[in-house]
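Chain naming follows the written order as A, B, C and D, and within any one chain the residues start at number 1.
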Amino acid sequence: MLLSIALLVPWVSGALLVALDGRRRAVAWLAVVALAANLAVLGVLAAEVSTGGVAQVVTGGWPVGVGIVLRADALGVAFAALSVLVLLAAAAHEAIGGVRSRTFPGLVVLLSAGLTGLFVTADVFSFYVFFELAMTASYALSAYGGKRRQLRAALVFTAVNLLGSFIFLLSVAGAYRVTGALAMDQVAQRLLTVNPNAAVLIAAGFFTAFSVKLGLFPFHFWLPTVYAGARPAVAAILSGAVANIGSYGLLRFGVALFPEQLRLAGVALVVLGAASIVYGGVMAVARGDAAEMLAYSAIGQVGYVLVALGVGGPVGLTAAVLYSAVNSLNKALLFLASGVRGALVAAAFALGALSVAGVPPAAGFVGKLELFRTGVVAGSAALVVLLVVGSALSLVYLFQVYQRRFWRADPQAVGAASPLAQRLLTAALALLVLALGVWPEPLLAFSGHAVEALLAGNSP
Amino acid sequence: MILAFALAAAFLFGSGAYLLLKRDLIRMVAGIMLISQCAVVTIIAASLGRGRAAIAVAPGDPVSDPLPQALALTALVIGLATVALLLALVHRAVVVFRTAEQDRLAATEAAHEAALERERRADREEVGPAPEEAGPAEEEPADGGRAR
Amino acid sequence: MRPGGRDGAPDAVVRVVARLLPGPSLMVAAGLIAKGYAEVGDGFAAGVIVALAIAPSYVALGAEGVEAALPVLRHAPAVAVGGLLLALASGFFPLLLGEPPVSHRPAPGEHVVKIGALELFTPLLLDIGVFLLVVGVLTVLLHQFGRPRREGGR
Amino acid sequence: MVVIRGGAAPPGAGQRHRGSAVDWPGWLACAAALAGFALCLLGWLAGGGAFALPWAPSLDLELSFALDGLAVLYGLLATGVGALVFAYGTRYLSLHLEHQRRQAVERWRFWPWMALFAVAMVGLATAQDLVLVFVFFDLTAVCSYFLIGFDRAEREARTSALMALLVTVVAAVAMLVAAVLLYAAHGTFSIPELLARAAPSATTTLAAALLAVAALAKSAQVPLHFWLPRAMAAPTPVSAYLHSAAMVAAGVLVIGRVHPLLARSEAVLTGLLVVGAASVVVGGVLALRRDVLKQVLAYSTISQYGYVVMMYGMGGAAGNGAAAFYVLAHGVAKSALFMTAGAVTMATGEDRLSRLGGLGRRAPVLAVAAGVASATLAALPLTVGFFKDELLFTAALRHGPTTAVLAVVAAALTFAYVGRFWGALFLGPPRGRVGSTPVLLVAPVVVLAVIAVAGGLVVEPFARLAEDAAGVSAGGPVALSPAYHLDARAENLMALAAWAAGGALLALPRVVDRVSRAVAVAGERAGPRRAYEMAVHALNRASTALHDREVRDLRTSIAAVLVPAGVLIGLAFAATPTAGAYVVGAVVGADWLILPLLALVVIATVVIAVAKARLAVALALSVVGFALAAVYALVGAPDVALVAVVVETMLTLVFVAALARMPRAAPERDAGAPARVRRRRRDAIAGGVAGVAVFASVWGFLSQPAPDSVSAEHIRLTPAAHGSDVVTVIVADFRGLDTLVEITVLLVAVVGVATLARRRLW
């Protein structure tokens, strides 16, 4: 019931809002309210599933497999809530600053519907359609602003991600062909007896699709152009909410559907993740443009998720979930902060920077702690060294930019301060990042539940 | 037949990919359209069971697997939607950039890049004087007793 | 795609055809929806067919021309959104009854009132919603890609 | 009151307002520090205490604090020195901001960090959970970053702040790694439990070494010492607090806290000894001829903490006790000297020894107080400093002759540079103009001097504090009995030797100069700071170079998806057995019609790929679409065929409409023919790779059909759903949700189109 409402709220309100003129203040705020309502429902749902339960519903009341299975477990709800939170922040950011296009608020809410749907569906094809809903909304959003750079960003983003989507669809077709089912549980069950060659080829397709979405090295080339070119709010949406599809997809499809293949590819994942960390980190150092620096940083940060996933096991997976969550908040905070001027912003940016570098008391430190645990569990000194190098790189690139922007900026270059509300919003996000670092238990516990839920589906 | 479908899908995808790499944005859209066709034909080819259309099925009839057909319908519609959006993007890009060539789009990015050089240098300075800038800037000079 | 008529001075014949064509197409569409679950075709196909009937007008008259000839098309966005809302309503009304979404009434196995081939049950609402949405959406699409009075569109 | 800075008094300096209103935040911080001091003292007298709260049970993290001996020592130091420095700072900061013509409101960038730093220090001193220790440890680094960078307009301050942050925070990660290692081995982060459980082993040694690395970087020990002299860019109160009694002390505090663990490994202890000795010598030698006041003190700090690290390296009751006592005495004296330096600079506008002198007569109170502080560092009798060296000598003697010699050398160096510092400031002929020194800039120095003398007369309380602290580090009770002995015992002889050698160094400035200069030059050429700068700049250069190579146009982005994906598929293909996995499939019935249609599709795709005219592309595209629709009709999918036809028509229409409004494709002119051919070949290869990969996967999974499908259920249940066309029922009922989403996608896409095209209607 709650699950269906979580879908219904953004869907209907998005449909209504998209018909209204989003440049009107009231409409923009209505979108914020709709997102807040969505978040609230997801919050209640999260409370329900955090004790290990799942909310499941099959459309039309048909048997599993005939109807579409919607299932909210801790993993899905966590990602959904997180993404909607980021959307909420971005929408509020724009609502305060003044929306520049008629359709922005409606599209954000519909994006929220798509994301919520794909995080709570337990059906492979339904995942694809929700995924397309979310992606199509983001394609439309990526051109928001309409300037040359934004247009180019949108073009690159759309073309590359469409390619990724179709690769995904090919793999869905393959999954159906070899299992004769679409419900994730059934697919997982039947995949166990499928010819390993076919299974691994399908898994490779899924992996490619999600890697493109995440912007992992070497699938990342589109990402800097897009994140740096898009407006800050859109960049926050793309990196903080839409990119979650990639990490969630890798977790869900990798662990629940293709555990064997994931094990097989463990080393390859770690290597790719390590390459992402180093590449993104080094590239981010001398960028000059804060947004571009953050874009490369994003490439590096998702590397950590991949490394943790490659190591696997409860510790590694928990680290992957936790780090995805923290990273998504960090990126939302930093991208939004990069578009705001005035008091409070420097502090918010600094907190975000500390969080990315994994320095307490910001939330990122919990993520780093879990990652180090992963490295130690894997028994790999190289991995630990890599993590240290990654932290060092992130300190260098973030604080170089921080100091240039907030410490040395000559007064003439700094424009007028942004509206106070916008700054307060950024500060609120920063406080959230701080709070999750000071009191990490909710984050840790929920990540733990999420991984339990993920692994529980694995051993029927 | 399996091989034939696989070959058709491969040609659609390969040709689509080749078109995506062209400079002409219109050809890029055509590439995406081909890849979308590739996905639909693959879904249909993934049917489990062939026969007549699954309408008013009597038990035991050999019918075509209806599920992939439903999926193909959805995929077709989504393909239409996304291609239309991509076309609109390309169209807008052509209006704004006054060219349908990707290279020219990238050229505007290069201008932006160049404008960033000053800030990049500023970034580098934040970590201290460059070695080639010579010298201990803040440490005392080696003959520190010398009054200025 | 180069129209015969000059900008702003379309042939009277074209105008007439443009006005007339949607009529029969609506009939076909109605048929496609009315046949229910029995045969090939659904709201989606019906919607595209209607849109295809509108399309020649856009080719011939250009966006402004069509708007002048068929003022009703101005409401396309509302139709599209209305269609989506109707479809969503048909999908989610069961929540009110405590049932899973996309449950339909009459429930499986129960008796359905039929008028000819037309079955009166809630999936029909879904189909109508889809039809309205597709017509609205494709009309907007045609409008956006249609020939403007002057190129540039800024 | 007017303070004239050097010769460069800005015009209008005389009209400047007297220091702005009272510095409330500063006094607030001071009061809080005093309260903390009182609490620590009371807690100590009451015998300590402890409490623990759950923090993150999922990870066995606890907010566990204990006020044990070590905590009391560092807590008192942090709050006591803190209170004095804060009081000093209220005045100093006002003057500082005034000189820099900054607004008084900038205090709010200063005091919160100072206060937070004090809190972090007390937290660090009392924390009993290794992760908690790490949190406070990094918190001090973060505070120090913002404090060093307080004068943000100056590049020096910014680069120094970043350097301090990088060195201390990156090194601190070692502590986190150590914590995780220990957790993996022993299942707890609690320090007391870890100390109880950790037996000597490779893991313990590794963890101990990592902890030591983090601590040594923090305590500015060779070779990670270079950040500290640079950190002198901070305002003086920061140096007086962070870089004398607190931040740098945090490192040795951690060593003291986990010392039993470090003592499990002889190698780690030896390492401490070596690093400590190196720091003593390098810091001491360099301090001998620094010119800038605070630089002398910074190198002196490196050297002094080198002593402490050495003593921890000696270990045992004697070493631990001496280390604890040393930290206490040093903290008192060094912060007094820093504050002296600040007061002098404020009064004269000069910050170099070479331009100062003869202040003794102008500022007698300051001269005496600073003299006491210097004497304390130089370990002269009647100050508490005498005992610190006595304990050092005792411990060194017990450890062996080498360390004993080292201890004497260290003490001699200290005597020499402290003597030079004080002498150059207060003796000799007066130089330069001198303004008045505000009371608040002198009083804290006097208080510290009084404490130092009091400790020299009645050493008992200091000794008790150190004993309690050392008890924690040594893992057992420690007895210290510092006292004056008027006999020829070894310690006394060593002290005499040190004074003599120190005096000799003072008397031979030329020799000292040459040696110190040589060391400084060597450090410039090949020192760790140079290495740090080279590394960071190399990183920036590498980043730029890499970025220049990375091409980020759309085509590369796409190729970068296609080629790795192809490689991935190839790897997957190679990694699994393929024998018998591929099936050609039978051709029956209607298939004979499908084959030519598929052939037509293939031909059309090739035409599209090579076509020159866009219209040909459009036509061939619709050929593909309609041919495929026919295929769908032939495989028993009439619904799909119908929709494919209408969708294809629509797409063709839209495509051609868009095409008609595009400018004609420009002839490729940017490159010569060979380049064009090369690029075309490259594109063809990329496309070919993609095609082959798709071929392999699609053929792979088509060859492995599942034995049955859920669609059997769909077919069975279709009548129940009041339908007969299964596909339609699936679309509208079984998977109606997909349809809802799909039409929403359509709506969203068209909204996007309308937003982009910006024509009326929407």
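Note that in this section a contact is a pair of C-beta atoms (placed from the backbone, for glycine too) under 8 Å apart; a residue touches a chain by one contact, two chains touch by 3 or more.
Remember, predicted model here, so these are calculated numbers, not experimental data.
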item: Graph separation of chain A and chain C (steps between touching chains); value: 1
item: Result of counting contacting C-beta pairs for B-D and C-D, higher pair; value: B-D
item: Centre distance in Å when chain C and chain D are each reduced to the mean of their C-alpha atoms; value: 60
item: Euclidean distance of C-alpha centroids - chain B vs chain D, Å; value: 36
item: Separation of chain A from chain B, taking each centre as the mean of its C-alpha atoms, in whole Å; value: 18
item: Rounded Å distance, chain B centre to chain C centre (Cα mean); value: 32
item: Junction residues of chain D - those touching two or more other chains; value: 155, 158, 162, 536, 540, 544, 552, 554, 558, 562, 638-639, 643, 647, 650, 654, 658-659, 661, 694, 698, 701-703, 705-706, 708-711, 714, 717-718, 724-725, 727, 731, 733-740, 742-750, 752-754, 756-757, 762
item: Contacts with 2+ other chains: residues of chain B; value: 9, 13, 17, 20, 28, 38, 42, 45-46, 48, 53, 55-56, 67, 73-74, 77-78, 81-82, 84-85, 87-92, 105-106, 109, 120, 123-124, 126-127
item: Two or more partner chains touched - positions in chain C; value: 38-40, 44, 77, 81, 84, 88, 101-102, 104, 141, 144-145, 153-154
item: Category of the chain touch graph - line, ring, star, complete, other; value: complete
item: Chain B residues touching chain D - in the complex, by the definition given at the top; value: 1-24, 26-30, 33-34, 37-38, 40-42, 44-57, 63-67, 69-70, 72-74, 76-85, 87-92, 94, 98-103, 105-106, 109, 120, 123-131, 136-140, 142-147
item: Of all residues in chain B, those that touch chain C in their complex; value: 53, 55-56, 73, 77, 84, 87-88, 91, 95
item: Chain B - residues contacting chain A, complex; value: 9, 13, 17, 20, 25, 28, 32, 35-36, 38-39, 42-43, 45-46, 48, 67-68, 71, 74-75, 78, 81-82, 85-86, 89-90, 92-93, 96-97, 105-106, 108-109, 112, 116-120, 122-124, 126-127
item: Chain A to chain B touching residues, read off their complex; value: 125, 129, 132, 136, 139-140, 143, 148-149, 151-152, 154-155, 158-159, 162-163, 165-166, 169-170, 172-174, 176-177, 180, 182, 225, 229, 286-289, 292, 396, 399-401, 403-404, 408
item: Chain C - residues contacting chain D, complex; value: 1-2, 36-42, 44-45, 48-49, 51-52, 55, 58-59, 63, 67, 73-74, 76-77, 80-81, 83-84, 87-88, 91, 101-102, 104, 106, 108-109, 112, 119, 121, 123, 126-127, 129-130, 133-134, 137-138, 140-148, 151, 153-154
